[in-house]
Structure formats: structure tokens, C-alpha cells
Amino acid sequence: MNMTVNIAGVEWKNPVTVASGTFGSGAEYADFVDISRLGAVTTKGVASVPWQGNQTPRVAETCGGMMNAIGLQNPGIELFCQRDIPFLRKYDTKIIVNVCGRSEEDYCEVVERLGNEDVDMLEINISCPNVKEGGIAFGQNPKAAQDITRAVKKYAKQPVIMKLSPNVTDIGEMAKAVEAGGADAVSLINTLTGMKIDIRRRTFALANQTGGVSGPAIHPIAVRMVYQAAQAVKLPVIGMGGIACAEDAIEMMLAGASAVSVGTANFHNPTVTLEIIEGIEAYLKENHMEDVKDLVGAVQA
Amino acid sequence: MAKMKKEIGKVVSQESIADGIFSMWIETEAAKCARCGQFLSMYTNDSGRLLPRPISICEIDKENGRLRVVYRVTGENTGTEQFSRMKAGDKISVIGPLGNGFPVEEAKGKKVFLMGGGIGVPPILELAKEIECEKKQIVAGYRDAQTFLKKEFEQNGELYISTEDGSVGTKGNVLDAIRENGLSADVIYACGPTPMLRAIKEYAAEKKIVCYISLEERMACGIGACLGCVCRTSQRDHHTNVHNARICKDGPVFLATEVEI
Amino acid sequence: MNMTVNIAGVEWKNPVTVASGTFGSGAEYADFVDISRLGAVTTKGVASVPWQGNQTPRVAETCGGMMNAIGLQNPGIELFCQRDIPFLRKYDTKIIVNVCGRSEEDYCEVVERLGNEDVDMLEINISCPNVKEGGIAFGQNPKAAQDITRAVKKYAKQPVIMKLSPNVTDIGEMAKAVEAGGADAVSLINTLTGMKIDIRRRTFALANQTGGVSGPAIHPIAVRMVYQAAQAVKLPVIGMGGIACAEDAIEMMLAGASAVSVGTANFHNPTVTLEIIEGIEAYLKENHMEDVKDLVGAVQA
Amino acid sequence: MAKMKKEIGKVVSQESIADGIFSMWIETEAAKCARCGQFLSMYTNDSGRLLPRPISICEIDKENGRLRVVYRVTGENTGTEQFSRMKAGDKISVIGPLGNGFPVEEAKGKKVFLMGGGIGVPPILELAKEIECEKKQIVAGYRDAQTFLKKEFEQNGELYISTEDGSVGTKGNVLDAIRENGLSADVIYACGPTPMLRAIKEYAAEKKIVCYISLEERMACGIGACLGCVCRTSQRDHHTNVHNARICKDGPVFLATEVEI
């Protein structure tokens, strides 16, 4: 059985990675999962300098999901390169560095800096709803998305995955825009912007007022968007949003994803990624399929 | 490596020990290596509720591989209400033990205050049982006469009580109880609501004594990965590289001077 | 205690109505709830002629919610006027007729026809994601939304509520567009477009491929959009999306809704509307508030 | 008016009667007025699962206010799996009785087939108990030797069995059993998977006999309001004004000639 997938020229041993921001840089989950078994690790977003992030409360529970407004707290690219990349390199897995920024220069600086590092792919987060200038401006406008993609590609030594926001009218248009900008792959969905109000204190549940909704609650929306994006572009699509078991991952691949990322589900079950890999294998076996790639886009009308 | 997991524990017993306060003993692997001041991530069986409830370890029974938690049901239709409906024999998913725990070695040969307020009282019990010191003064603050865990405290140190409504012990908070009884100490360990911890931090600064406080924040991962549960630190934190420490991983117990609350 | 609210000149006895399409025209729920206790009844969408709707399966369950693709099946305006309006008129409640159509003419025909009828308000559904031309084209483009509002207003004898789609980049902009077009109120959110794939049969779970996601899963997204819409316009906002208990309804009002609609929750608990009305009353009492209108937009930063 | 509600019933007993097939008796108000062929909307206690599971009434015990349901656990982590974990004494939310039920009066003085296939077998039991007719021929189709409810059927009519694997009775489906045994009837009542109902409808048309079939579709409201569960009708339906009838409200039992399946 062949579980490998090839995403923009990078071969993963299986199609399962973790969603940025839900797995730190891997160190904390290393107690729970053998990181070498993952297709890839996607790191928390990193910026050119350390970011303090938002005030707390930063997280809240919602029905079937959660909301977060971490605000892209990160240690900055220097410490990240010194500490987190070498840590991950000890494992036999691909490294995808998620990059955030407030301006085109920010993104390009980080991308350029990573050109010298031993990482496999870059994921550019133009869709964080939780900081005033955390890229969402790029992620909700096709023209801006195309421009930032083109700018980043100039500096990138590794394949570039553009991470799309679901808070848009037409996800296909956004996917096409980053394809036109030269992206090597797209990933989606980032979180849907939500709000929760504490009716006892009559204030916002999150200090940031709004936050990004993730988890199983958003899964059907994510599947739809992955389907539409896969229909719109030729690029490989990395699908995510509410994947919590092998069935969800397979669904995402049938919708058109070449690989999947598991986010919020890690918080509910730290070993979920391995269970998903095993579940996909079991599904292929049961259905007498030889190659996991045969799942991609295989839904029938 | 890769040895922790979300584990299916077993409810050994469950009882209500005060209005809306429940005590549960859980059979779990986590008991093996647990220390006072650490906590458990407890999960409901409800698929609509994903996130763990962080609950402090109240007592550890290593011999039988059991942990005791004491928790408040925060309202109708909450996760803690679901816990409260569980019965002996039921399964409960947990991850733990999590967090750093109280540094008990600091207390050797010293006079200490072990201070708990409200639902911050439970972790003080295991602390009181583990700590070795010259003089063990437990100060527990409650709302009213429902002074849960009182008996256990009396067996493990000198107990002073404050109640908001004055029905038992000193009327007021834990600091009022200290003042009223003219107590003093060299080291403080405290857990409770933020306003109480803030006052204790100030008191400790004034008296120039070492003070450890156990903080609370909303959590998502419970293991240090998501950066959901940070508190502001006075110095740049070495892990985060900014002025934020993760309560679930670097805490929940901090030196009061390290954090800004 | 004052529970009345005034929506565009129409006084409701309390701020609770039902979401279009989840309550039929009231007849089925009359076995469960005393309809006279509702602030208003919002009917299933009605078109100029009967619509057959989509193939089955039309509904599917999702985590914390559901998906539907009914496809606006309806008996047509004539039977509706003959049978459903007289039925509802027997109760002491306001009647809001939800109107659907495929073209501007469709909408205007129904609206004009309703001018002669004893109904209190019209809700124009320009946001149904489940029929190819079910209004979503109007609901995802500010210019089109403004134009259809203006057209409908020409024929309308009753106040017009424009029902907005959440499948847009900027909900505030959409609210402003219908305000500029002359709307008397806005209601939101309609369902979020989703997709579910049956991995065993490798086909879509709904015959229509995509469907609208509703229920508690979408509540935080709905609260955010209601907040943004209420900030953007002066019109009264009717808030909906995942309201399943009094707390959810109060949250929606604190975010800026003048009234709320309860949809999917009726399927889970047919008497939920009455429990919500009682729960709001209890909350006001507990918080020593005299007037339910004081909740509207009362969230504090 | 306004007298129905979602009701909290009580599980009286639960047992597994075949691989993955469970039988549950529920104490519920719905028992009072229930008829054969009607169903219950059963709700899980899981907040992530909103929609009801429509489950046919398998037996009615009016005296004790109880209903029996027999259901299949469709997979891991499903609502029916949650039902299967319930124990005597547990609470279960239900709405019912729903739907029209089988028109038993049609059978007076006639030879009838009562045909059930797969998980469509259970409602045939109460039908067999209620129906009065000249000749009561029960034809039950199963996958294999797990012929649940066989005993009960034998006590309530002439029983013919078909199994897909041929392990019991006729190898094949219910129509094969009829042919093999040379049976005939004036009226058919049937419940089962759509392909089986389609074949029975055809058979009835050929033989020119009256045929009632109980249909299945995904439901949301279960009471006729959402138009989720329609089936195509040959004539314009008087309620919907289009060629669609609501299975939950106007059905689940239809005259075979009324519907296009």
C-alpha cells in the first residue's frame, strides 16, 4: 500500500500533517506521538521578530468547536531557527514553517531568512483573523493575495503553500488568485471569524472580542471550500478544518485534498494524528485500494 | 519518548461535599507520578464539548493508583455538571499529571502559609500532606459555612478559616484571617481567585517573603502547545521569548514576583 | 417588565420568532406550542408558483448542527394565501412571510400579491444557498442586493426585512447595501454553505451536493456577523443562527439584535421557543432590568 | 392544542437480540395512543447530535405505558451506538407517536402478506399483533441466521423466512420466499429497504393487489415542518401542492401506487 503523497515536489511519507498553531513546534506533543510517523509537521506561525500576542482570555469553547485569538504570539524567527528547526530535524518528517507578518516586508524577511534553513516547505498565513494586521487583509482580497504570493515567491527557496481564509465570498477566486501569483500549493481553511459574549458579565468572552472558530463544528464548511478550491485550481490542496478522525480526513481527500492537517482535534486527543494515519490505511485496505492518492477528489456525483 | 496519552480512567467514587461541590476519586495511571499542585485535564463524553476542564489534584493515593479531585459545578449544562452525574464504575478520559506543581522543598525548616480560596482550596490539601516544614499554617477562605475539606485540613496542619459572610472563622478573606490571628510566615503557597492572589502577592512583597501562587486561565491544549493560557511575566520568558509564560506548562505555580497579575 | 419590541414599526409582544423554513407555516408546531405566545411567526419561503425542491437526501447531521438542501420547496403563493395566512391569523402573533424567487420579477410578484394580504412583515430571502438561482446571487453582491431591495420596496405594502447570507467577505457592507436600497430591517444569518461526503459510498451525503449548515455549530459565527451588521447600519437587526436556549438568544441581543429567530433548535426541542421567552424574562428579572430592549447591543468591551 | 412535547422517557430494559441489533423497552406517554406502523423520534443525550433518530414501534404495551423498539447499531460512534449503551433506568428523550401507521382495517376478511426486510422487520411485529384478517402470512427477510423476533412472529401468524445467505428458510429475498412457498394474498403491508419495496410494489402491480409500504428517509423535524423527508408522489400532494409527500407526517406508510420509489 502506498501512503506517500507528493506536494509540490516534496514527498511526504503519508498525507497527514498538523495544523499550524495547534502543535507548537512539536516539542510538547513529542511526549504523545512519535513525530517521525507524521507526513509533515507544520509549525506555529513565526514572524520576523517576537510577537507578544493578545490579552487573555484567548480561547473559549463553542458547540462542537472552539474559538481562539492567540494573536500570533511567537518567539521570532531567530530563536525559531536556533531552537525549533534543529529540534524537528531530529525526526524523520517534513518541516513546514508557517509564516506570519503584518506587511509584505515582514513576510519576505522571514521567507528570505528561511531560505538558508533546512526546512521543506513554507506556509504563508494570509488569513489570521486575530490580529489587526495579521494577514487577513491579504487573505480577503484576490488582488492583494496574488501580490503577496508573488512577492514571497521572489524570496522563497522552498515551495510555497498559501493558506487561505474561509471568511470570503468566493474561495475559488482566492485560490485562483494565489495560483496566478505563483503559489506551489494552497492550504485551507483557516478559522472562521466568530464571537462569544458572556451574558453574565455582558462582555466578550475573548479579550480580542472576535476569535477564530475551529473544530468539528466547521468541518462541513471546510469540506465544501476544499472541494471548491480543488475544482478551481490545478495546485495541490492541503485540506483542514475540523478533522477529528480518519473518516473526516478521508472525506477531505475525497473532496479534493492531496493531504490533510489536523488542528483542534489534537487538544481533544493528543494521539489523534496517528489514529488518523492508521485509519486511512485501514480504509484503503478494506476498499482494496493500493494508493492513498487514489482518494484525492474521488467523490462521485 | 511518546509515552503520555489521553487515558481512560475509572470513577472510583463520587460524592457531593457541599452545595455544588463534588469530590471524585479516579483510578488513573496519572496517580503514579503526580505531585501536589499539578492538575488533570478532564474530558466530558459529550461530542459537543471538545476542550478539557483543568482540575487540580486534591489528593494522591499512589498505592491504589488513584487521584482525588474536588470541583465546583459552575452552572447548568456545563462540563462540570456532566462530571457530577458520573457514578462509580463510569469511564472518564483524562490527561495528566500536568503542570509543574508546588516546590515543596522550599519549605524545609520554615514557617509556611498554605492559602486556598474558593475552588482554589482543593490543591492545598495534597500540598499540606506533602510539605515538610517547621510550622504548617493552613488558611482556607470560603464563601459561607460550607467549609468543605475542613476535617482533612485539621488533620494536616493548623487550620485558620475565613468566610465571606462571617459564618465560620474570620469574616473576610484569607489575609483578614492572618491579621486577625496575628500569624506570620517565611514562605507562602497560595491558590485561589486572581483578586485574592493579587492581594497575597502584595502582602508578600510588603513582608518581603517568598510567595508561590497557582494561576488559572482558559486552556485548550493543556500541555503548552497552543499558547492559549499565558500570563504576563515580568521578565522575558525563555521559552516564549516574550513576556508571557504558559500556565499549563510553565505553571500553574509561579513565584509571585515572576508574573504580573 | 416590558418584553415588547418594535421592529420597523411593527410591535411584537416579545422578541422571539422562528426562523423561516424550520416551522412550516406553524400548523405542525401548533401541537407543541401555543403560537399566540410567539412574538412573530416567520413562514417557510414562498414563491410565485409551487416549487418541487431538490431531490432527497435533503438533510444530514453534522457535529453540533445539520445541513439542509430543501431547495425551497413551497406550495406557491396562491395556496399559501388561501390556507396558511388564515391559519396563522387565528393566533395573536405577527406574521412574517418569507419570500423567495429566482429573479427580480419573481420576488416582486409575490411581494405585490402579499400587499393585499393581512400579513405584518415581509422577509426577502436573498441568501438561500440551495437552489441554483435561489437568491444567493443577490445575497453575495452588494450592488445586486441593493437593487433587489429597491425593486421589492416599490411593491411592498408591509415593512421589508432583507435576509442576508453569511457566505460573504464583509457582512457590514451587505447590510449597508440593503439599507441604502431602502430595507426596513435586516435579518441574519442564513445558512453557511457546507458539504458532506459519505465515505462508504464515496458520494455526496445530500443529493444537491452542497447544503446549508445551521444549528449551534454556527452560533459564534452568527453572533459575530450580527454584531458587525448592527455596527454597520441603523436598521433593526433580527439575529439568528444556532440559537438553542435563552442564553444564546440573550447573547445575540447583547451583540445588537433587536429580535431573534429560532430555527434548527425546534427540531431538537419543539417547545424551545417558549423556553427561550421564559428564559429571557427570568434573566431580566434576575438582573433587575425593566425592558428587554435594554439588552440590545449592550455588550461592553 | 399544544399538547405534544419532547418527553423524557425511561429505559425499562435493553438487550442485544442479534449481532448489532438491540431491543429496548421504553416507558413513555407515547404508548397511550400509539398504533402499529408509527415511529418514535429518539434523541441522544449528546449535545453534538441534534437530530432525532426515527425508529419504528415494534411492540406496544398500553397497559404498562411502554413501547418496544428494535434497532440496528449502524456503526461506531453513531447515535444508535449511544442508544445501545443505555441501561434500565436511564432517561431517553423521545417524541411520538409519529406518522400515520398501517391501515389495519383494510385487512378485514382478507388474505394478507406482512413483509419485513432487514431492519424493516421490527414494525411488522406490532402489525401482526394488531391486524385482524382471514389469513396472516408473515414474510421476514434477513441477512443470515440471525433471525431476530422469529419467536414472536411464530406466535402471531404463519411465518416464512428468507435469508440472503440461505442459512434459514428460502435463500434470497422475501419475494423469493413467497414464490418458493406458492403463497398469495389480497393485501400487502411491507417495510424494508427501498430495493425490496420497489420489487414488492412491482409484484403488487402485476398481481393487481393492494399494497402498503413504509418508507424511510433522512429526517430533521420528524413532524412535517421542514420538508426534509419527502418522497415523490404520482399525484400532486394536497398539502405540499407539488409532487412530494412528507414521509414523517403523511407517511411513513403509503399506498404503493401513490409514491414513486
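Letters A, B, C and D mark the chains as written, and numbering starts fresh at 1 in each.
Operating definition for what follows: contacts are C-beta pairs under 8 Å (C-beta built on N, C-alpha and C of every residue); 3 or more make two chains touch, one makes a residue touch a chain.
Which protein is which chain? UniProt says A, C = Dihydroorotate dehydrogenase; B, D = Dihydroorotate dehydrogenase B (NAD(+)), electron transfer subunit.
As the structure is a prediction and not an experimental result, all values here were calculated from the model.
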Neighbouring chains shared between chain C and chain D, ordered by label: A, B
Approximate Å spacing (C-alpha centroids) for the pair chain A, chain D: 46
Chain centre separation in whole Å, for chain D relative to chain B (CA means): 54
Approximate Å spacing (C-alpha centroids) for the pair chain A, chain C: 34
Residue list for chain D, restricted to those that touch at least two other chains: 47-49
Chain A, residues touching no fewer than two other chains: 63-65, 215-216
Contact graph of the chains (line, ring, star, complete, other): complete
Complex interface listing, chain D residues touching chain A: 47-48, 77
List of chain A residues in touch with chain C within their complex: 62-65, 67, 140, 167-170, 192-197, 199, 202-204, 209-211, 213, 215-221, 223-224, 227, 242, 244, 247, 250-251, 254-255, 283, 298-301
Touching residues on chain D, where the partner in the complex is chain B: 46-49
Complex interface listing, chain A residues touching chain D: 63-64, 216, 245
Complex contact set, residues of chain A against chain B: 21-24, 28-34, 44, 50-53, 56-61, 63-66, 68, 70, 73-76, 79, 215-216, 264-271
